[in-house]
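So that you can tell them apart, the chains are marked A, B, C and D in the order they are listed, and the count of residues begins at 1 in each.
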Amino acid sequence: MAIETEAGTTQRPGGPDPVGTPGAGAWWARPALHTGVIGAIIGYAFGHWLGNYWAVPTANSPAAYQQIGTSDGNDFAIVLGYTFMLVGWLIGLGVFNDLVKLMLGKRLPQNGHEANGGVAKYFRFTLDHKVVGIQYLIGMIIYFCTAGLLAMGIRTELLSPVHHVFSSSVYVEIVGEHGTMMMMLMTSVILGPFGNYLIPLMIGSKRVAFPRIEALSFWLTPAAFLVLLSALPLGGFHFGWTGYPTLSVQDTSGADAYAFAFGLMGISMILASFNILVTVICYRAPGMRWGRLPMFVWGILGTGTMMALAAPILSGGMYMLLLDRTAQTAFFTDNLGGSTYLYEDLFWFFGHPEVYILALPGFAIVSELLPVFTRKPLFGYKVASAGMIGVTLLSFFVWQHHLFDSGIDPDMRPLYMLTTELISIPTGFIFLVGMGTLWKAKIRFTVPMLFCLAFYFNFLIGGISGVYLSDVPADTTEHGSFFVMAHFHYTIMGGLIFAFMGGCYYWLPKMMGISLNEKLGRVHFWLMFIAFNSTFLPLFAVGLAGQPRRVFEYARNLTTLNDWVSISSFFLGVSILIFIINFVWSTVVVRNRETGNPWKSRGLEWQVSSPPPADNFETVPVVLSGPYEYGVKDAPPVADLNPPVGVLAAGLSESETARAEA
Amino acid sequence: MAAETSAPATGAGEREPNHGMRIFIIWLVLALASDLLIWFVLGPHLPPGDLASAANGQQFDIKVMSAMAAPVMVFVLIQFIYSLIVWRHREGDEEDGPPIHGNTRVQVTWITLTTVIVLCLFGFGTYELVNGPGAGAGSGEGPSPIVNPPGAELTVAQQMAPYSASKPLVIQVIAQQWRFTYRYPQFGGFETTYLAVPQNQWVEFDVTSIDVIHDFWAYQLGVKADADPGVNNVAYTKPLQLGSITVRCDELCGLWHGAMYDYGSVMTQSAFQSWATASQAHFADVTKMLPPYATTYDPTEIKQLGTVLVKLGLTGAGGGYYPPNDPSQP
Amino acid sequence: MSLPVRVGTLLVAFLAVVGGVIFVVIHFLLAGPPVVDYAAGVAPGQPVSIMLQEDPQNTVSNHPDWVSYFIKDPKTGAWVHTTLFQVPAGSRVNVTILGYDGCTPLRNPFWGMVTGTIGGVEDVNGSPVSVLNSWASCSVGHTFSIPGIGLNVPVASPTTLSANKNVCGLSPCTSGPHTTVTFSFNAPKSDGDYFWQCRVPCGLGYLDGFGGPMQTIGFMTGQMEVVS
Amino acid sequence: MAEMTSATPSGLSREQEEEAFYHEAALNAAWTGSRLMIGIVTSGLGGFVFAFFYLRSVNSHGNWYPSSLTPPNKIEGLLIMALTVASAIIQSVGLTQIKAGRKQPWFAAAVAALLLGLVAAALQIWQLTILPFQPGQAGFASVFVGAMPVFALLVLGCMVWLEILVARSRNIPDISFVEQPPTFDEAADVQRFQANLSAFTLFYNFTAVAALVLWLLFYVVH
């Protein structure tokens, strides 16, 4: 393939963007965020009109969808509006440009050069995995903070058991929005930014397998986010993040936003994981054997597997819910041959793997960072990867522990008790690896390391409390109470989000070439760590004392504990605010350049400059040893970044070489 | 964590102390202390108390789990804190740590130990579920429970047989947005909003819903069972002491879920019987209007619907969500 | 981009975010129907008389087909589209409800029983009633239930077919077939918010008849705020 | 990178070498991706199959398949399934031809398969508009109304893919399938096309199996 080098251009790993080259024509004429928004608005208007035109009962067809007339709500119009809004959004972003080209028989360039588009590239559908990674990072922080603000709302309401800030309706809306936003969007909080950005660098690849799918996976997330938020003007949804029917079928139009957004995010998860899995399997550099794969890659591999296999069930379940709400099918209505248990099974068949989708990336980050800051090899590399694989596999066999009290199959309960307790064994591997790695180490208390250590502390509490929940008798008291709530906040917030923060401090110098302020980072860490534990530790007691989840009225004798929790949670919010200030201050205002390898890491991603060159590596590296050989005498460098010509060819298959020679 | 605290640690040049033994001793002391604390001091006060057999069983389970978990937690914490203090990075030391890639003995021990603990917990949990004092641990077991107390009544005919103190008392819990009502089939099937149960007698809760999913949580009785439309979810408990009961809905059921709670009490046998007989008389008028006692109800099909209502186009108490030619219109 | 541009952009973005949050909080999260104050100027313990009406529709809202309660403002005498009202703590509350809506069967006929009122009865068009059978006859339009104080009053409906087919069509209703239901109850002595609801599945077009107006404050459910 | 294009023992420059490396990775990605896609779609359709058997076994209120339910037209169902399966078989036979170096027979088969597939999807969508039952009339009706649009969408997606392959094949000379094309680019192009075609065939045959399974469920087992 001809590679023309032009002045001022850089090579992009995924090939030229389908939305045109910067500099070619006016900026507003090229597809980007603004055209996407225009497309979305046109699409929504069209879909809404279509829904009204088609489904509203008329004199000719009075019986069809008569509920639209009596309920003053046309869910058809809203769902079709969302559907066409999505299509318009994607058309506007230029997502379909390449598909149309392909359908017309045109070839897509595999390689190419493109001018560095400055900030503008972050607002476009782009094939550069590093740009997608940054897009994800910013997106995820926005989503997290929005949902976090809603959590502040929840705690404000719970300051008093009798006097209310919000109406009960708004309170349940806030609870549902907070839960859903966190649970659906935070699935990609690590796989999205760090996975997409770093996996190719970590496996020594210049590209990803499916850059268009990767970019699409990101551009679905703002759509899902905004659709979910659009529930507020529609009256909200009043059934929490689990969306159990028949309550969710009964609810007003905000429920459409919930089901559409959650289903859409399921598709985004499928796409993101599809690309990552194939990339890791097929695009590893020569010498990057499975035994040398960084732990982070192992973790993302497990996460991707769970996403790819569980998310389709979620999207299917949400689709059924939408059908029940619009086309009047009866999947979940028992009088008409449906069953609410069907939804509970479908939802939790996704929902439990999802919990590990949220935990595993945390394991991955701490296992990745620990060796760097202990200056020691990872203790028990095989145990760690086996732990991740074990969690991945077992996560599909535990879902009915959410339904211990539901009245399904009482004879299956011991089995699910067993599988649930078994999953603590591979989880324990991660702790073994952590303790072993700290043994006789030279521990450096950098900010990322502090977050890793806090991860172990929080996840220890989260994990152990999970064992209580697996035990049917103990679960009878704890199920559906604040105990469960505290438990999964310890594993997700205390695990995943702490790991995410650690990852931010650790990898931002790599991803943006900018290091975050360390002093602020320490303040952020200590405040977050103390406030987090002060918020959620009392909630175990609150739950055991009998406070159910999602209530706005609680027993008066629990006021003190709830107030303590609420005030702590405000401090937790302040700590996140400090992070945001640090992030914005460091990346926008001060810009403390960091180009090298500040952590002296052996990770392959750190062997190239920061931020990495457009094409990741000058040449495809040849991996020579594992990533954690700290302190090993005469350990070869992790990779040969400039291998002699011919090494690559030697690794190719016979026919390939023969063909290439011809 | 104790990262920033400076504790005396052995200098680099001195003889390497036996870290394992130190950690073991600290662990032994703390683990023993915490277990004793959990078992004897905290244990009797653990939720959900001991008002009823199921609650008692849950309290015991939580106690045992805590006693099992504490040593594990203490071990991990000590290991971490010890490492962070003793092996923290010293100023000026730029060397890497020792290249320990793993230790087969440690790994095998850890895996074996965690597996044994987990399997023990599984065995314990299953035993408690099947043979423990709670008969099904007080959780909802669906229409055909595997664990039943003696004399459990699962058919409508059995449940409607007159009350006898030697058989379980049957209480049907009907959940609706946003209130629980309780039906006593052994007392002519009267329905009330007050939950009264007798002391020292098995109580069988038949939990169902006539709209969305709710969850019947009688905290002090140790009973929790989802109320699903069209499903009879059975849970058992045996009140052991007199006292009051708080009932909360434990599954988000719409706007007023947070306010869906009520109170009840455990009474002596005689007090209960006189309460029940009095209630039966008090509610006699409304009892006649209720549908015949059944394990589940379908208000979308009302057999005795009045002629005016039928002429108005109504077939039952539904919302008319589904089109009129569907078999049912919930 | 130069530093001033970056900082300027940052400030604009910051203000936009803060503005957006404030807008959402005020416009969506704190908004709600007005509260009709029956407690103003009434000494605690003194009786108050409140008046409500239930309509088969709500033509003053953007949900014209939703059934709805209206509350009469004691000062102006106007019917207010809300379901929130305040009463003084510990006072006797005399309630008059005008039932303009037709009949519907209760999902649970148990709620046809009057509970929690003084004397355990309600007066339907002047005659005391303690039980209404909504399944056997066309007798119940809606209910007025405050579970927190054990109050449940089925509001009788016009019982004839012709009356049910000629319900009033413009809210708040001023004419048309209706019943007048009166009863009294004692407000709690301690202050707090007590929710009230209707138990008739009158959210037509929603599953179980319990969506839409049944779960929207300002239509068929609301709060009694007890103030001292 | 021009300075690195020195000759090597294998005769490849660094540039060519990397090109070949990522070319091979792309071929593997097509192979891996198609298998992963099958896993994902199996999981997605599995949700419906689960719903089918779950509701069937629960038979809530006797309304899984009440006697009052008029089943969907058997001939339509058979036709949709048969068209999909026939389309997949024809395309697979075509694949053996192109593997043997004969592009034109494959091209004809692919166009035929494309038409058959489109007809099948169109029929399926049309059938959904004239169903003899209400979507909420029974559990069976619900699952049918839910699963069939997904199936039609799946077939349509396959047809888009097949259309891309058909369009793309027109730019590849017939002779390239018989002997090695002269340039690296052309050779890579043909190989990518073949890898893509193999991946498609596998996935489309899986879709045909899914069609068969759905047909068995909805028209035979119910």
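Assume a contact is a pair of C-beta atoms (placed from the backbone, for glycine too) under 8 Å apart; a residue touches a chain by one contact, two chains touch by 3 or more.
As the structure is a prediction and not an experimental result, all values here were calculated from the model.
Looking at A-B alongside A-D, one finds more C-beta pairs in contact between the chains of A-B. The chain closest to the protein's centre is A, with centres computed as averages of CA atoms. For this pair, chain C with chain D, the centres built from the Cα atoms lie 56 Å apart.
Taking the mean of the C-alpha atoms as each chain's centre, chain A and chain B sit 31 Å apart. Chain D has its Cα centroid 29 Å from the Cα centroid of chain A.
Centre-to-centre, using mean CA coordinates, chain B is 48 Å away from chain D.
Residues of chain D in contact with at least two other chains: 60-61, 63, 66, 134, 136-138. Taken residue by residue, chain C touches two or more other chains at 195, 203-208, 210-211, 215-217, whereas all remaining positions touch fewer.
Touching of two or more other chains is recorded for residues 211-212, 230, 254-256, 259, 298, 320-323, 325-328, 330 of chain B. Chain A makes touch with chain C in their complex at residues 66-73, 119, 149, 153, 162-170, 173-174, 232-233, 235, 238, 246, 249-252, 333, 584, 588-589. On the chain C side of its complex with chain A, the touching residues are 1, 3, 6-7, 9-10, 21, 24, 28-30, 32, 62-66, 191-193, 195, 203-208, 210-212, 215-217, 223. Within the complex formed with chain D, the chain A residues making contact are 1, 3, 5, 99, 102-105, 107, 205-207, 209-210, 270, 274, 277-279, 281-283, 286, 308-310, 312-313, 315-317, 319-320, 323-324, 327-331, 333-339, 341-342, 345-346, 618-620, 644-646, 648-653, 656-657, 659-662. Per the touch definition, chain B reaches chain A in the complex via residues 1, 3-4, 19, 46-48, 54-55, 57-58, 60-62, 65, 69, 72-73, 76-77, 79-80, 83-84, 87-90, 93, 95-103, 106-107, 110-111, 114-115, 118-119, 121-122, 124-126, 128-130, 132, 134, 136-147, 207, 211-213, 215, 217, 219, 222-226, 228-234, 246, 248-259, 261, 298, 300, 320-328, 330. Partner chain D is touched in their complex by these residues of chain B: 230, 298, 322-323, 325-328.
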